[in-house]
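What follows is a pair of complexes built around chain A, which joins chain B in one and chain C in the other.
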Partner chain A sequence: MKRVYSKEEVCIACGLCQVHCLVAHSESKDIIKAYKKETPRQPSRIKVQQKGSLSFPLSCRHCEEPWCVYSCLTGALQKDPESGIVTVDAEKCVGCFTCVVACPCSAIIPDFHRKKAVKCDLCPHLETPACVANCPNQALIFTDGATPGGTKVAAEGAVARR
Partner chain B sequence: MVRKHFRYLIIGNSAGGIGAAEAIRETDKEGSLAILSDEPYHTYSRPLISEYLAGERTIEGIYFRPADFYKQKSVQAILGKKAAALDLAGRLVRLESGEELTWERLLLACGGKPIVPPMKGDGLEGRFNFITLNDARKLRPALKKAKEAVVIGGGLIGISLTEALVKSRIKVTIVEKMGRVLGAIVDANVSRLEEARLKKAGVKVVTGHTVQEVVASAERPEAVGGVVLDNGQEITCQILGVAVGVSPRGELVEGTDIKKGRGIVVDRHMATSHPDVFACGDAAEAYDFVYGVARLTPIWPNAYIGGRVAGFNMAGKKAVYPGGTVMNSLGYFGLPIASAGLFDPPEGNGYEALSHLEGETYRKVILKDGRIAGMAMVSDIGRAGIIFGLMREGVNVSSFKEALLSDEFSLPRCQMTCGREGSARNWLHR
Partner chain C sequence: MKTYLPNRFIVERDPARCIQCEVCVNQCSFDVNYRDADEDEVRSREENCVGCHRCVLFCPTRALNIRRTPLDYRENANWRPEIIEDIIRQAESGGILLTGMGTDKAHPIYWDRLVLNASQVTNPSIDPLREPMELRTYLGRKPDSLTVEPGSLALKTKLAPQVAIEVPILFSALSYGAVSINVHKSLARAATEMGTLFNTGEGGLHRKLYKYGANTICQVASGRFGVHPDYLNVGRILEIKIGQGAKPGIGGHLPGEKVSAEVAATRMIPKGTDALSPAPQHDIYSIEDLAQLISALKEATNYTKPVSVKIAAVHNAAAIASGIARAGADIIALDGIRGATGAAPKIIRDNVGIPIELAIAAVDTRLRQEGIRNQVSLIAAGGIRNSGDVIKAIALGADAVYIGTAALVALGCTVCQQCHTGKCAWGICTSDLRLTKRINPDIGAQRLVNLLRGWSLEIKEMLGGMGVNALESLRGNRLHLRGVGLTDTELEILGVKMAGA
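Then we have the complex of A and B:
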């Protein structure tokens, strides 16, 4: 499936992906209103990870065997069998945040104000996810990994083993 | 006598049973599949019975899967019927109703039964367990008349019940035998934070004592009027909730060759000592990656994942249980707590504990030979997943252990070992 991948060699941690993620998931889809009027503010579903000069944004991997889905107490988290997209049904979610502990990437954000889990949904209302479309450095790519564009695309070796 | 045959028979219509049914249907669309439960309901989320009790959700609102789930998955749901006996040689399960179900593969996802401490005078109206939707349904009408309640057990289930009672404007006293609440899953610091929240909400917490006697009401001798503790203290109440916990329901394997410790013992494929009988969830002792042995780890995610692994293996697709441990995320009385594994390091043996407490914000990890054997986070739980992921993967964190407690702890800090690409892989069938 198509996922959002990052290229750490060109990410400068400007945080614009976070801004545009927030706007894309706001009521108004308007940057000013989303920040100034809609309270409590929607959390961004993508988070820039940074240490010194190393940085890259991280969002949900839409895992093949998603820990979050299997840990959800209510059935709110589901992986679509066709698209592979992992989403939260806000109606069903009770904000227990078991999924937050279950996800090894901490890609689920606890929204304590609304008592809901929020996560990347790959922007179903847009052709390209907002974070990818708005990165000024093209540090984010949206691909099924068949055409490697970034260093870490489809890399499987990043998991340290016992 | 009615006798029906199924390729797959699952006993238990909850986390474990559903996890298995879904995995079976991903692998085998045709083989006949039945789920049996003595609870008469569509599959529901057990932890949500408190939301139902508090009137925040309807029964349909706590369904774990959509109403057409069984139809969609071609599952025959046999609900409200109890399995009374298991005959391994005949590969059949006899129901209380007299019907017989034969099977080729059997899953025991039977969960647990409530632990009820012996109390003098027990058996009066107004005394409730808090494990099933039926328990919550029986309790609900009692909320209207009651003013005071005693909850026995200050663990997860007891606090969950307490929260629902407080929301219904009932004054609650928790009686906990141990010295502190949540003593089975968190350390004393976290217990203290939770106790402070409970007190702020008007809940009385009595620790280090037990209920010795249930006293009848003066006006209505058939109903609960109060309790007497082991120190002689009397507490008036109209509701007595028993929420001590559950013990594995292993009655079906009693007297069979299937190996049983405290729970039904399973291997890494979730198979019991009989190759065609599987078990998972609260009923089973399955691999705990912290202790390195099979243990009871009675939480919802472990039941589901264990069920999923069992389901694949039952349908002939090899899958390995990655192991589980007791992991919880709680938010009772507004205090977010994430915890997993050990909460205090055992004496000696190379354990090390690192912690940081500031107000209601707490972070703690317990290390053994450089690997995380336990964690607790209070208030700021946003990064708990990364730490739990490192713990589950058994990553050696020695070189960045101090960073685990820092505010800006993030993936680069753990040198990307949690596999931001890797986690998309399939870990079940490796």
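Then we have the complex of A and C:
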């Protein structure tokens, strides 16, 4: 399946992926309204990790073995057998955040205002996920694991390093 | 000591647009933007702003603008603000004022006073979209005459090594250490894709980039950094650096902080030590000494590579160039007063050397007069800004040009002149690993290729307009140029007629 991979060697820790993720999950899809008018604000589903010169953003890996799905008490978290995308059904989520603890990548974001777990859904309404489309340094790629050269860029469930 | 220096720039942040995302905070490497924890608001320490525009272009809501401080001194044509502030800066530091990039002084730019010809009625112009246009240039020593085998017409004369470039534009020397490996990689890839060359500068070539050797000019400078047999043999052309347009007559100083483990290994010096390039090459005090180094380099590379000698354009450039040609060089690179640098004393950058236009004309004329113009190719450097400058340089007598600043601008540089601080917010002139990542070689190479492609299309259009279908026919043909607003002496040195004449 197609996933979002990061190239840490060119991630500049600007955080624009976070900003555009938030906008893509807002009501208005307008950057200024999403930040200034929509309260509570949508949390960003991608988080930049940084230590010194090392940085890369982290979002859901849509694991083959999704621990979040296994841990979910209500069945809100599901892995689509067709697309492989792991989604959370807000109707069913009771905000217990068991999944937040279960995810080995800290990729599930607790939305404390709405008492719901939120996570990367690969922007189903967009052709390319918002984080990938808006990264100014092409540090994010949306791929099924085959680079143009044909080699696997990453093992399932791991952050891509090239 | 309390500083008497006023702020240079105002950082304007439109509160109606700012979403407090802190992108400007993390992108500014000059410690300007910050989040005020008490007010929970992004603010700016404007006194630190250098006007590099990194924040402006990365702000996702375009909430920022940078403006020059409109602080007025009493009008004074002599004691201008810059002059006053330089004195203040020195009164507070007691040192040489350092700066980066090329001079920002209003030295005459002769490119802007030269105009090109075009065909009208009496000779047809050529449409480059329909007819082939030849930009290929051969760099290297040309023979005095050619002899061919009668009958088969095969060439009997043994030619000195020639290097073909598909566009008459090469990337100027930018040393690894001064710029990052990502900049070198971008230049190397773009040069390879466009069939031209990039110049390593004086810091050697990282082993990872040896695969681009066929498109590399390997420089040998006074510090001899990174010079060893593999390095000499991997490049396509060798270049002895005598001087640089931004700082003729003085050496270089790469501070120890920039000498990372990789830079140290490439330069062959201990990590963290200052890399000091002496002002002269201490084995070259005469043309005879230069001839020895040229032949040593040729010997070391088995006479397979042209050797270039790069000098800053100075008063006696023409006579020196004649000596260089006679010393056995195959290429002379001339770097004019507007040439740039990673760090130079401001007073030298702004006051030493001559404009490249005059130097090209003087050197080309002198070598022709002496009947040795064919013995060397001439590469002009220092302030080439667009394809118009390139074509004018070639009409004046250059074989090709080097671009440095223009290439960096293509990579993002906004000519903020802070190269010497090592804090380049665009990640170009720095070795801070958090900043060097800002140049993604995939993007960098693409931007450089686009620039060269655009310029070559424009050159073809201009050539076609003149009714010429090969750059070779324009080379040194000053009849295609006319001067505007120049004195008789300037016209005479440039060897061009006044417009209308």
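One rule holds for everything that comes next: the second predicted complex is superposed on the first by the 149 of 162 C-alpha atoms of A that agree within 3 Å, B and C clash if a C-alpha of one lies under 4 Å from a C-alpha of the other, contacts with A are read in each partner's own complex, and residues count from 1 in each chain.
Here, a contact is a pair of C-beta atoms (placed from the backbone, for glycine too) under 8 Å apart; a residue touches a chain by one contact, two chains touch by 3 or more.
On a predicted model such as this, the values are computed, not experimentally measured, just so you know.
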| item | value |
| --- | --- |
| Contacts of A:C63 with chain B and chain C, given as first, second, both or neither | first |
| Partner with the higher number of touched chain A residues, chain C or chain B | B |
| Which of chain B and chain C A:P136 touches, first, second, both or neither | second |
| Touching partner for A:G95 - first (chain B), second (chain C), both, neither | first |
| Which of chain B and chain C A:I108 touches, first, second, both or neither | first |
| Touching partner for A:T74 - first (chain B), second (chain C), both, neither | first |
| Footprint overlap on chain A, comparing chain B with chain C | 55 |
| List of chain A residues in touch with chain C within their complex | 9-16, 18-20, 31-32, 35-36, 52-53, 55, 134, 136-139 |
| Contact footprint of chain A on chain C as seen in their complex | 16-17, 19-23, 26-27, 58, 60-61, 427, 432-434, 437-438, 440, 442-443 |
| Chain A residues touching chain B - in the complex, by the definition given at the top | 3, 5, 47, 49-51, 54-56, 58, 61-65, 67, 70-71, 73-75, 94-98, 100-110, 112, 115, 152-162 |
| Footprint of chain A on chain B - complex, ascending | 19, 45, 47-48, 51, 62-65, 300-301, 304-305, 308, 327-331, 336, 338, 340, 381-386, 388-390, 392-396, 408, 410-413, 416-428 |
